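Have a look at the structure below, then the notes.
Order of writing sets the labels: A, B and C. Residues in every chain begin at 1.
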Amino acid sequence: MTDDMTDASTGSAAQGLAEERTLESPLTERIEAIMLIIDEPIGLIALAAAVGSPVPAVRQALETLVDDYDGNGQGPRRGFELREVGGGWRLYVREDHDDLIAEFVGGQAPARLSQAALETLAVIAYKQPVTRSQVASIRAVNVDSVVRTLLARGLITELFADSETGAINYGTTDQLLQHLGINSLDELPPISPLLDDGADGFDEGTIR
Amino acid sequence: MAPSPDESTALDAAGTAEDAAGFRVSLSNFDGPFDLLLNLISKHEMDITEVSLSAVTNEFIAYLKELDDDEELDQASEFLVVAATLLDMKVAGLLPQGELVDAEAVALLEARDLLFARLLQYRAFKEVSVWFARCLQREDRRHVRAVRLDEKHRRKTPELVWSLTPADFAALALLAFAPKEIPHVGLDHLHAPLVSIREQAAIVVTLLRGTESLSFRELVSGVSEPGIVVARFISVLELYRHAALSFEQLEPLGELTLRWAADSWSDETLATLGADYDR
Amino acid sequence: MTDDMTDASTGSAAQGLAEERTLESPLTERIEAIMLIIDEPIGLIALAAAVGSPVPAVRQALETLVDDYDGNGQGPRRGFELREVGGGWRLYVREDHDDLIAEFVGGQAPARLSQAALETLAVIAYKQPVTRSQVASIRAVNVDSVVRTLLARGLITELFADSETGAINYGTTDQLLQHLGINSLDELPPISPLLDDGADGFDEGTIR
């Protein structure tokens, strides 16, 4: 019976806390929204500007979130954590799960590039700098995921954003040159846009 | 008689098509949105044969002129689809249907049902495209987590196996650049090349003056294009109007024999020949 | 008194649930870890394989997480949510914060599809597998360039070539489902474009 009482009071204390949380939750929610989409750590001041709240409040909300994710709030511990690294905040997979991630990533990325990836890479190599939509229209298929793969493999890189459209232009990396065993792009065999005189260098047997 | 749409139907149909603001039709027997017209026709509350498609078309062209380019293209392509279908329906509707249910009449009915179906099907897809647009727009605003893999995890990816030589790579590039031409059905046959009646008349004149008489069959021998045959026939009629030739036909559908009969002929006449057919 | 009893029993039931949660939390954590690193939706089975747990357990853990993030668990509502879209699960910024994020990331809205493209897309979605000429006969206009656009956007794909005519059959992609925010083609609104009394079978209400 006493236990029940204790439970009940804990319950209502927790409830009070929950209400308080609810009041501030919009700020933690806004921070979480930003955290979900950023690639690079974001500094406290930039974050405060992004969520439109004063720096001290943001700092406090970040602490709340860190505690939350570590399982020191009301909910369970999360599989990710919020960390301040190099002057900025960002979500990271909790270290406990690194092996899981390594295994998953290893299973995801095959050792060989697909035919689609290779053709896209070839288009970028010969057309660079080139945007994704330009590649897509040459290949007549969507190349978004293939471009991601090539980026992740370090075979291509983002060169610059088009000043007008903001579209990112891609080019190949030195790593590709190393794989091909050449020193510069000039050493790529010339291909003519017209097949007739390009056909010399075009050996069906080597393609498949 | 084509009824003017009664109030309740008009309200009902207008309610379902309210966002289809846009092109309105004003005919002697109908005034309202184009969509409503389609509704009424598809519900058999208006007879397609009572609708003047040319009047609708004229109004539509006037309406298009007030739109900007993008809108114009969309609306025009839609109108073409619908108008073409209406035209088909109208043709089917105007053809005589015997009182007896013979095979031909049944086929005709089926053809009409098919056209209805086509119209309704087209409209169904057009309507549902609104749902597509709304979902795409809503989802465009959503943000999904798509963050590059941490360097630390990226290093765990298996080493890339690379076996292409620069020549292989160039061959791949050629393959990739080869235009993936989507084969398409030519529409050229829908636009028969224009045939000049004047040119054909000149040929007819030359042929007839060089000989005593010619049958029409001989006049068009070796010509395979229907357009040219038609143009030659029209020029024969035109030349006859100018009393430049005479013809005789001994029996209905029989051989048509042509003779050059002009007393005075100048090539200036030729220059104005067939002006009625100019547009 | 009766009320108290009810409260108490509810309380302990909740506690029981909480304990259960704690026990399974490693699984939710593992799922969260995977969710944090994927860049496309992950299907239930692939996810179960990745976290090394049976499918039913993973399904239940996903439900727990969805509830958690929605604020129906023990913690506060989160600024992100877990959605099943395009045949798999993925983390999204909660819709409430889309404007905040849009402002933060800037950029411009992607080009909208033309009415012709939308209608062609609808025809392909409902009629697939379908050839271009079949689409054209419904749309009664040439659809070549529109099909090209849809291919380049990754919304449709070439399924197979007709064995007799060689005509390519098209179908929609999972990416289209993602862009529509639905999980499968079954979620497309019903239309019955067939036939004689098609007007009746076609319910405007369900579409708008």
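Basically, a contact is a pair of C-beta atoms (placed from the backbone, for glycine too) under 8 Å apart; a residue touches a chain by one contact, two chains touch by 3 or more.
On a predicted model such as this, the values are computed, not experimentally measured, just so you know.
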Mind having a look at which chain is the central one, using mean CA positions? C
In terms of CA centroid distance, which chain is the most far removed from subunit B? A
Looking at A-B and B-C, which one has the bigger number of contacting C-beta pairs? B-C
Centroid from C-alpha atoms only, then distance subunit A to subunit C, rounded to Å. What do you get? 20
Between subunit A and subunit B, tell me the centre distance in angstrom, where each centre is the average of that chain's C-alpha atoms. 50
So how far apart, in whole Å, are subunit B and subunit C when each is placed at the average of its C-alpha atoms? 39
Among all residues of subunit B, which ones touch two or more of the remaining chains? 143, 145-147, 149-150, 153, 182
Interface hub residues of subunit A, defined as touching at least two other chains: 33, 36-37, 92-93, 101, 105, 140
Within their complex, subunit C touches subunit B through residues 35-37, 39, 80, 90-93, 95, 98, 101-102, 105, 109-110, 112-116, 118-119, 121-123, 125-126, 132-133, 136, 138-142, 144, 147-148, 178-182, 188-189, 191-196, 198-199, 202, 204, 207-208
Which residues, counting only subunit B, touch subunit A once they are in their complex? 143, 145-150, 152-154, 156-162, 164-178, 180, 182
Any idea which subunit A residues touch subunit C in the complex? 4, 7-8, 11, 18, 21-22, 25, 28-37, 50-52, 68, 73-80, 91-94, 96-97, 100-101, 103-105, 107, 133, 136-137, 140-142, 144-145, 148, 166
Give every residue of subunit B touching subunit C within the complex, in rising order. 16, 42-43, 70, 73-74, 77-78, 80-81, 84-85, 113, 116-118, 120-133, 135-147, 149-150, 153, 182, 184-185, 187
